[in-house]
Amino acid sequence: MENFFNILIKAIFTGNMIFSFFLGMCSYLAVSKTIKTSMGLGVAVTFMLVITAPLNWLLNTYLLKAGALSWLGENYKDVDLSYLSFMIFIATIAAMTQLVEMMVEKFAPALYNALGIFLPLIAVNCAILGVSLFMQEREYTFSELLAFALGSGIGWWLAIVSMAAIREKIRYSNIPKPLQGLGIAFIITGLMGIAFMSFMGIKI
Amino acid sequence: MHSNKYIFLYSSAMVILVAVALTVVAVQLKPAQKNNIRIEKMQNILAAANINSTTKDAEILFKKFITEDVVVNSKGEIINGEQAFPVNLELETKKPPEKRLLPVFICTKENGEKNYIVPLRGKGLWGPIWGYVAFKKDFNTIAGAMFDHKSETPGLGAEINTSAFRQQFKEKQIFDALGKYMPVRTVKGGAKKNDLHGVDAITGGTLTSNGLSNMLQDGLSVYVEYFNKQKK
Amino acid sequence: MSTTKKDKEPVFSLKNMRLLTSPFNLNNPITVLVLGICSALAVTVQMKPAIIMALSVTIVTAFSSLIISVLRNTIPPSIRIIVQLIVVASLVIIVDQVLKAYVYDVSKKLSIFVGLIITNCIIMGRLEAFAMQNKPIPSFIDGIGNGIGYGMILVVVAFFRELLGSGKLLGMSVIPHSFYEMGYRDNGMMILPPMALITIGVIIWVQRSRNKSLIEK
């Protein structure tokens, strides 16, 4: 349990998907213009992360990893399908987004109206694929992975909402012309990243 | 518009084509990839004994210097019929200590000096870290060490693989004056000058440094019996 | 490289040349179109991984554009995105396997970021916007152009981060020893991730100061 919270906090603050790994930057910069839409996207990303990451963990552990197929019998002990993992992971993510979109549309129209337009954006959000790939590289166990997926989602959400809040205010500032818009967005993200680095070394 | 049958056939053909192409590539390149991993392991082992190698001469140097290897258990008994090099530490560290296979590589230098190199594996801040530590023939003093990591923070935790950090381990000891096991650990804020069991932790990389201390503590403790037997 | 090719092949007409060079500045995927920042900034601590990353992205963009463009009239529209993803993912897997086999030390540094080329918005963006409507050769050139335009930014960022952060270029020390004796220190801050973002911010600033038409309203 202690480890669970440790990974959760690390994923939210010190290893924030945006500030330390730059994952999901495209939608982060494109959608962070108002707080309302960024809230929607943040929730959608967290939601998809919690769904796809465990699924990919199962696929990785029982299908892709070297020796993962040993449950089929002795003959399959040495099969290593890890070279297919990119393909399988992205397919799972694309399929899940499609599925979730359809389900949400059918069963929760209100939620669909709020999140619907963001779901297609998610299939190509690097943060989602990134979590699955990090999971494979860092050899997480299942519970560690849940913490990591949840933390990454919340961290991403936190980042995009705070960015949107800053951008709403910054509209009234006098910024040098060539720096307006994208330029200042990058610099603010960098400064926020430096602030988040001060969580480094936090221990629970 | 395309019919469903067309779409179905199209996607099936695509999947089969892609699967075949990827499998061919993967099978073709597998030997080269495996060889890279093998060479890297050799280079790491040599680096622990302070022998620099390149990817080209690693194999020759490894044959020349690593003259012997043994596999022991946590009671310090030599297990016959096991080779040290293929032992997969990732699997071994998951077993309980008394069941582990513990490889020892013995390096004979040109001047006849012998180094005993043991592999370690542990957890850093983010992912796995690993290393090799070479001991002098008193089985106490460290002759050299080599660490590496998979995904520590660049500039902070990732510094464990720099030579500045590794050099600190030279001449440190893992037993105190009474022969009690006391492994080297990282000290936050810098170790005292004559501390035989401490090295400076990495500034800003405290959690990686702690992970490294734990790796040394756990990884070397299983060798204590073997070392004690060898000393006598 | 492009100049030697230009003499031999007639495909490099004026129009095609513009396809190749416009992403370098006016249509730069990173600084103007805001595409594909995600996957690759983390590899800009040093020049070597950045160059390899730039090459890999260029290869994947160019060939996926080519393949999709060849197939463009046969792809059923309803599974278009999936087909594109499969093509891109297979190319990325091939690149990853080749890197692991031939430049192992760099592939370790790139770690998961090779895999993240798949979700690099530039590639999907170019496939949707260009390769689906155009003939194979212009698509291929468009892919190369965008890959290079993207790689340029990576390499420039990596240049400054490696130079200021560790005083090296491509792993070789370039700051004279006497500088250090006079009290110069490498700026460790440059190695940390946030500085990559700030560096890009500054690049955008410089580019837009020189090119007023790009300034946002």
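Labels A, B and C are assigned to the chains in the order they are written; within every chain, residues are numbered from 1.
The rule we apply is simple: a contact is a pair of C-beta atoms (placed from the backbone, for glycine too) under 8 Å apart; a residue touches a chain by one contact, two chains touch by 3 or more.
The model shown is predicted, which means the values in this text are computed figures rather than measured ones.
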Contact-richer chain pair [B-C vs A-C]: A-C
Relative to chain C, chain with the most remote C-alpha centre: B
Length of the line joining the C-alpha centres of chain A and chain B, rounded to whole Å: 31
Whole-Å gap between the CA centroids of chain B and chain C: 34
For chain A paired with chain C, centre-to-centre distance based on mean C-alpha positions, whole Å: 22
Chain C, residues touching no fewer than two other chains: 82, 86, 90, 93, 97, 111, 192-193
Contacts with 2+ other chains: residues of chain A: 20, 83-84, 87, 134, 137
Sequence positions of chain B contacting 2 or more other chains: 18, 22, 26, 150-151, 153, 156
List of chain C residues in touch with chain B within their complex: 45, 74-79, 82-83, 86, 90, 93-94, 97-98, 100-102, 104, 111, 165, 188, 191-193
Of all residues in chain B, those that touch chain C in their complex: 2, 6-7, 10-11, 14-15, 18, 21-22, 25-26, 29, 32-33, 36-37, 40, 55, 150-151, 153-156
Partner chain C, residues of chain A touching it in the complex: 19-26, 29-30, 83-87, 89-91, 94, 123-130, 133-134, 136-137, 176-187, 189-194, 197
Chain A partner contacts - residues on chain B that touch it in the complex: 18, 22, 26, 125-128, 150-151, 153, 156, 204, 206-207
Chain A-touching residues of chain C, taken from the complex the two chains share: 31, 34-42, 81-82, 85-86, 89-90, 92-93, 96-97, 111-112, 115-116, 118-121, 124, 192-198, 200-202, 204-209, 212, 215-216
